[in-house]
């Protein structure tokens, strides 16, 4: 018989290696050691303190949107992370929930139901919609489901935009159901227990409350027969069915639950925005939800919250050039710190980059002044430094475009290069990247946001396919 | 006494390829029957037909008189037939414990809302589930016990993975257990343990067992009866000695009977 | 009757384009079991390449070289740039993920699609570019016999698409590389053990699929006169649907699916309403999925248990 003591130590070696070392790892271990209720309470308390720390309406709004993204990530996690299904039209349920609430609580068709009733109806209706979409899809294997749901998501927006001139049989004049491209304005605020939710702060606490309840419910489901069955289906649907689990029914259940969560989030969103508009539910937002789920490492509740926090906050900050620059340079620095070791090498690279920039700036100022005639686009803490370090042409667009193409070329080349080459070229890469950032990306923040989401997804998947916070998984092909 | 598991006239072809032809197979309660035959003889297909993965083109499969043909696989499993797989199909990223508790799904009835609210019925079922897990994992002694229960399945050794698969099948509380090459890839010591294991499953747990196996020493050690298949057709049936000496069987194997230890 | 024929022609033209695009999806899926969401963007880039060549050669109204040569160069540019882009995407984004969990390359593909769309928006702007084909080729050239009223460009599209598809079928069926592609699609490991250079085969698959997409892009630019950064997304989705309807991984299926979708779209736009044509295509998809989940010409995947 084996010596259990030695055996156990060897068997757990993998576990120890997986646990991140250092203070971050210890913090994570300490967190995991707390009982679940304590973790939830701590989380709620931390988040609830945000409106006390800041006065800014903008920050509160970012907060609510991030909390909503958290809800959506958790809902999508049921479908993708637990049951292992690929729903690329998830955003349609969110939109459906928002629009349905708007129809039940606004002047659009002159119905003003009480909030309890409206929300209940919307959640049930969303679940039914999930059922409707899920039923024909039961027999579909993963990839087919992806197509059908993707199309469904596209159709939703199209249908909504075109339902503003619907002629019902029996009547002559067309009626406007969804407000077409302009959406439905003037949605009633949510009123619960006599309290009217009006300000963003009100909705912040409402969303937090709903999120906390959702987290608790999901945790309880995860640790029940349904959660186990979902996870088994994700591993191996055939084996699961042969071990008594009704796979098709469970997939449908996951789909329906995901849809209901999205519908619920939609009602809060509609009330918060005091209106619903088709552009809120287009594919870019779906990508954001997926980014949150994937970055968080599909499958774990805390991963979803972490992913939503990172994606939601970054995305909001990328709206304004001044805030966006923090994200960009901060992100680059973080990436460098994590990948370039030891410290001396990192310091050398940074110094070289700074030197390169200053030298180039001086050279250009002497030889070709138009190249440095422009001013920094973003007004933030380091604007002054950037002005002296970076070449800022007066007319940056063309140069920026070419630099962008060059940047992609250099990145692709470096993926194949040796470590030494990479380190040597790194200062040039950093300079080039900053050039593109300052001169081109900052000019079009809305495009930049989407560009960066796409780029981040590609990079993260390439480096850590399990997601930033995901657990190690073995996939059987 | 009526047999526990009965296949009559089972016929299955894929396109033009005949896999099982007019198969009659009977397994009495408490028996261990071995299914032997060269590769491609259709043995795993029989398992797939019994468990509902494939549907026979003709014939009937009855468990204690109840017709299984046409039933979805999960219903067949709940009816009392569990199996292991030729190439392991564990829930590889789930823990040992979870692999087993997941398989108790069919034996429990708590709905999702009851799980969320942790109703007394749900809590009672979860206790039962844990007891079943203790029971089936305990059957394997120290091997799947203690700290190992919380380890992911991918961290187990090959032999332990095979044991876990059997434990998982046991957790469905079956009446009939289908073991597909349980000794595949095992060294002689582990193979001897398998032989002992199958006997224990029959004697201690009252299970009826149908085994596909290539290792003739194992077949000899465990079987009450042996059935030989070749190209989807039954060519011999009887005690191990009878079947081993049957000329068609010898011919089908062409010398495979004398397997190295 | 005239109207019917007109819609038929529209449908065939559209269907040819969808078929070319769908082929790219099917070929890549067949080999890698990957849904290449970025394929639509490859098509879009091909269209832009064709557009820039056209402008570079002096523009549709006053080209520096004969119109026939302009067209050839445009198609070449579209095909080559798309082909190279497709190969680059495979090399840098998908290849590292060959053995990763299935969802990883899918997410990468989604991210890549987004990235390319945004890049096009950044570099080329949001304005819809027009190839102004009627300035280059007078719309009166073509066949105008009885109910048939087909412009030369449409004839060109339909005929060249058909030729390309025939060429592809021959290639896959007869050549060594084509056989290699089929082998890798069937069982990658076994093909590798039989001496097939899997990487080269996969690159070839991407290259061929992307070339077809690039050609389709230029065709769309010529026939429908709109080249913009989002054109890849909707066309890609429909072509994808076409590939799925035909049975994904199946080459004749992709062609059939493409034609079906094109005809469905043309007829529903003509006879019902153009607003809901996408809804009708979606309905078609659901219908096929319900009746034949593995597509019209697809074979149901048999799982070895």
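Order of writing sets the labels: A, B and C. Residues in every chain begin at 1.
We adopt the following convention: a contact is a pair of C-beta atoms (placed from the backbone, for glycine too) under 8 Å apart; a residue touches a chain by one contact, two chains touch by 3 or more.
These numbers were taken from a predicted model, which means no experiment stands behind them.
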Could you work out which chain's C-alpha centre is the most distant one from the centre of subunit C?
B
Just to be sure I understand: the centre of a chain is the mean of its C-alpha atoms, right? Then which chain's centre is nearest the mean of all of them?
A
Taking each chain's centre as the mean position of its Cα atoms, how many Å separate subunit A from subunit C?
30
For the pair subunit A and subunit B, the C-alpha centroid-to-centroid distance in angstrom is 44
Chain centres from averaged Cα atoms put subunit B and subunit C apart, in whole Å, by 48
In subunit B, which residues are in touch with two or more of the other chains?
53, 85
Multi-chain touching residues of subunit C, meaning two or more other chains, are 305
Mind pulling the subunit A residues that touch 2 or more other chains?
238, 473
Subunit C-touching residues of subunit A, taken from the complex the two chains share:
80, 86, 136-137, 139-144, 146-148, 150-152, 154-155, 158-159, 162, 238, 283-284, 287, 290, 294, 298, 401, 404-405, 412, 415, 440-441, 444, 447-448, 450-451, 453-458, 461-462, 465-466, 473, 475, 477
Subunit A-facing residues of subunit B, complex
51, 53, 72-74, 77-78, 82-83, 85, 89-94, 98, 101-108, 110, 112, 115-116, 118, 122, 125-126, 129, 142, 146-148, 151, 154-155, 168-169, 171-172
Applying the document's contact rule, which stretches of subunit C touch subunit A when the two form their complex?
29, 33, 35, 88, 92-93, 96-97, 99-108, 110-119, 121-123, 233-234, 237, 240-241, 244, 248, 275-276, 278-279, 281-282, 285-286, 289-290, 293, 301, 303, 305
With touch defined as at the start, can you tell me which subunit A residues reach subunit B in the complex?
1-2, 4, 8, 11-12, 14, 217, 220-221, 224-229, 231-232, 235-236, 238-247, 253, 257, 471, 473-474, 476
